[in-house]
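First chain A sits with chain B, and in the next complex the same chain sits with chain C.
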Partner chain A sequence: MAIKKIMCACGVGLGSSFLVEMNVNKVLKKLNVHDIEVSHSAATDVYKGAADLYVIGKDMNDMISAYGPTLVLDNIVSLPELEKKLTEYLTEKGVI
Partner chain B sequence: MEAILNVLQQILSTPAVLVGLIALIGLLAQKKPIEVVIKGTIKTILGFLVIGAGANVLVGALNYFGAMFNFGFGVNGVVPNNEAIVSLALNDYAQATAYIMAFGMLANIILARFSRLKYIFLTGHHTLYMAALIAVVLTVGGLTGWQLILAGSALLGLTMAIFPAMAQKTMVKITGDDSIAFGHFGTLGYVFSAWLGSLFGKGSASTEDIKFPKSLSFLRDTSVAISLTMFIFFLIVSVKAITTTGYAEAAALDANLAMGQHWFIFSLIQALTFAGGVYVVLAGVRLVLAEIVPAFKGISEKIVPDAKPALDCPVVFPYAENAVLLGFLVSFLGGIVGLGVLSLMGGTLALILPGVIPHFFCGATAGVFGNATGGRRGAIIGAFGHGLLITFLPAFLMPVMGSLGFAQTTFSDADFTVVGIIFGNIANFVQGTGLMAIVLASFAAPIIYALVVPKKVKA
Partner chain C sequence: MIETMLKIENIQILESVKDWKEAIHVSVMPLVASGYVEERYIQGIIDNTVHYGSYYVLAPEIALPHARPEQGVISKQLAITVLRNPIRFTSDGYDVRLLITLAAEDGASHLEALKAIAEIISDEQKVQSILKAKTSEEVLTRFLEKTERE
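Let's look at the complex of A and B:
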C-alpha cells in the first residue's frame, strides 16, 4: 500500500505531536521524499483510514494501534530514533 | 489619508487580523515561497476565529452549569479548563494577548541569550495560554497600551525560561541526560511532587516494577475524558437543582435554570456540548500555532544554538508508564479530597471541581516526577500533593481575574495560577507604572546576575 499520509498523534494534539511532525518533515526532506502529507492531531481524530501511518509515543500504542499501522517511538523527541525507524519502515514498504 | 490611517488602526486592533499579520511577517522573514505565505497567514487568522467559535459553543453549557450549581449548592462551582478560560479571555483581551505572545517569545530568546536560563519554551499552546493570563492579570492591575505589552512580554519571557530551569534537576534524573528540558506550565506542581517524593520515598521501588491494567488509557482521548466527567458533574448538579425547593419558580425567572428536557438527556447533551466546544477551541489553537511554533523554533536555534528546547509534558511519559496512570488516579483523588475541604470552608472560596484534563496531564507528570525521586511511594504522595495543590491554587486565582473571576471555569495548571496569584496580588498594592517596574526588574534580574556573578568553573 502506498503511503500518502502520516499522522502524528498525542493526547490533545498540540504539543508533542507537533514536535514529532516537525521531525518527520525533517527526515522526509533528508530522504528526498516529497509526496507524503504530514499532520498532527489529537487521539480523538485517529480512526481507521485517517492516515496510512501513525507516529506516536510508546505510551499511546495501546489505543492507536487498532486503527492502522503505527510507528512507535521510545523517546518521542529523539530525531536519530525517528530517522532510523522511519527509514526502515519506508524501505520495507518500498517508498524509498 | 484619514481613511488609510483608519484601516491601519483597525488592522492593529482587530486581533484575528493582528495575529495574521504577525504570522505574515514571520513567514516573509523566513523567505518562504508565496503560496506558503498565503496559506500560513490564512490558517492563522482562521484559527483565531475558530477559537472564538468554540468559545460560543462551550459558554452556553457553562452558563447552565454555573446557574444550576449556584442554585443547588449556594456557592460558585468552577471546572478548571485552560482551553475554556482562554477562549473566554480572548473575547476581551485578544489584542493584548497577541502582542504579548509575539514579543514574549522574543523576550524568551533574549533571556536565553544573555542569562544563564538557557531554555527555549516550545510548547506553543501554553505560551498562548500564559499570554492570555498575563494580559488579564496585568490589565486588572491597571496597565494599558504599550506599558501592558512591554510588561506582559517581559513577564511571559521570564516564565518561559525560568520554569524549565526549575524542573531541570529532576528532568536529568528522568531522562538520564541534560540535552532536553521540560516546558509545560504545571512545573511548580511537578517540582512539589518531586520534593515530596524525595522526602517520603526513600528506598521505595520504582512504579515500573508493578503490573498495571491498561484499560484506563482510553482517557488519553481528551474529548472522551471531558465528556465523561462533565456528564457526571451535570448529572449531580441537575438532580441537586431540581430537588431543591423553589426550583420551578426560579426556573421560570432564569432561563439558565430551565432545562427544557429530561435532566438525564439535558446532562448528556450539555456535557457533550462543552466537550465539543473544547474540541473546537483545540482545533483553532492548532491552526494558530501551525506557523508560529516552527518559526520560533527556527529563529531561536539560529540565535541561541546552545539553549535547551523545553518540551511538552508527554515527553516524560514513556520513561515511566505506570507512574503516568498512578499519578492521574492519585492526583484526581487529591482533587476530590481538596474539593471536600473547600466545601467545608463554607463558600468563602469558589468550589474547584476536579477537572479530568489537568489531573490527567499534570497529575501524570507529577507521578513521573515523584517516581524519579521517591519510587512508587514518591509517585503516590507527590501526585496526591499535586492534586491538592491544583485544587486550592485556582480558588485563590479567581479573585485577581477581574470579571473573569466570576466565570464557571478558570486556569488549571500550577504555573498559570501561581503567576496570576503573585502578580495579581502585587497589583493590589502597586498599580500601573510601579507594577510595570516590578515586572521589568524581575525580567532583568537573571541577566544582571549572569553579568555580575562569575560562572562557576566545573571541576
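Let's look at the complex of A and C:
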C-alpha cells in the first residue's frame, strides 16, 4: 500500500501532535521522501481512511488503532525514536 | 515571538504538589490570575485527561498542559511551573518537574511558540538548567536564551 498521508494525533490536536508533525517532517526530509503529506489532528477528528499511517503516543493506541496502521512512540518528542521507527516502517512498506 | 507569550508573573517555582490534579490546577492558575484563560480551563484539562490520558506529558521531566481554545482560552499565553519534587500523571509515566502550560487561541497562532518550545525541550542540558534555576527571573532567562547549536 502506498503511503501518501501521515497524521499525527494527540488528545486535543494542538500541542503534542504538532511537535510530532515537526519531527516527522524532519525525518522525511532526512530520508529524502517528499511525496508524503503530514498533518496533525485531535484524536476525536481521526476517522478511518483519514491517513495511511497515524503517529501517536502510546496512550492513544487503543483509540486510534481501530482507524488504521499506527506507529506508537514511547517518548512523543524523541526524534531518535521516531527516526528509527519511521525508517523501519517505511522500509518495510517499500517506500524507501 | 515566544517572548510575547511568556511573562515573568506567569513563572513560578514550587516545592511540590499532592497529585496530578493539583499539578494541573497550580500550573494553570497564573494564566487565570492574569486573565489569559477562564477558570474552567483547569477543569477542561482535567476532563480531557480522564478521556484521553495525560496526552501532554511529552518526555521525561516535561509536561505541556493544554486544552482546546473553546475550553476557556481568552488569549494566547504560556506559564511555567518548576516543581522541586516531581509528580507523575500515571503510575508508569515519567517524573515531571517542568510544566509549560499553553493557552492557544486557535489551531495556528501558537505554532511559532511551540516550535521554540520544541527546541528547548529537545535540549536536555537546557531543561536541566531550567530545573536548577533558583528564581523565576532565572527560569525566564534560561528559557529565552538562544541555544548554542551547530
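Brief remarks on what is shown
Everything that follows uses one rule, which is that the second predicted complex is superposed on the first by the 96 of 96 C-alpha atoms of A that agree within 3 Å, B and C clash if a C-alpha of one lies under 4 Å from a C-alpha of the other, contacts with A are read in each partner's own complex, and residues count from 1 in each chain.
Here is the rule we go by: a contact is a pair of C-beta atoms (placed from the backbone, for glycine too) under 8 Å apart; a residue touches a chain by one contact, two chains touch by 3 or more.
In this text, all values refer to a predicted model and were calculated from it rather than measured experimentally.
Clashing of chain B with chain C is the outcome of superposition onto chain A.
Of the two partner chains placed by the overlay, chain B and chain C both lie in contact with A:A43. In the overlay built on the shared chain, the residue A:V12 is in contact with chain B and with chain C. In the superposition on chain A, A:L79 contacts chain C only, with no contact to chain B.
With both structures placed on the common chain, the touch criterion links A:I96 to neither chain B nor chain C.
Of the two partner chains, chain B and chain C are each touched by A:G57. For chain B, the stretch among 63-71, 117-125, 261-269 or 333-341 that collides with chain C in the superposed model is 117-125.
Judged by the document's definition of touching, chain A residues 10-16, 18-19, 22, 42-43, 57, 59-60, 63, 75-77 lie at the interface with chain B and also at the interface with chain C. Interface residues of chain B, counted against chain A in their complex, comprise 122-126, 175, 180, 184, 214, 217-218, 220-224, 279, 282, 285-286, 289, 293-294, 297, 309, 311-315, 317-318, 321, 324, 357, 360-361. Contact residues of chain A toward chain C in the complex are 10-16, 18-19, 22, 42-43, 57, 59-60, 63, 75-79. Interface residues of chain A, counted against chain B in their complex, comprise 10-16, 18-19, 22, 40-44, 57-60, 62-63, 73-77. The part of chain C that touches chain A in the complex is made up of residues 48-49, 51-56, 58-60, 62, 64, 66-69, 102, 104, 107, 110-111, 114-115, 117-118, 121-122.
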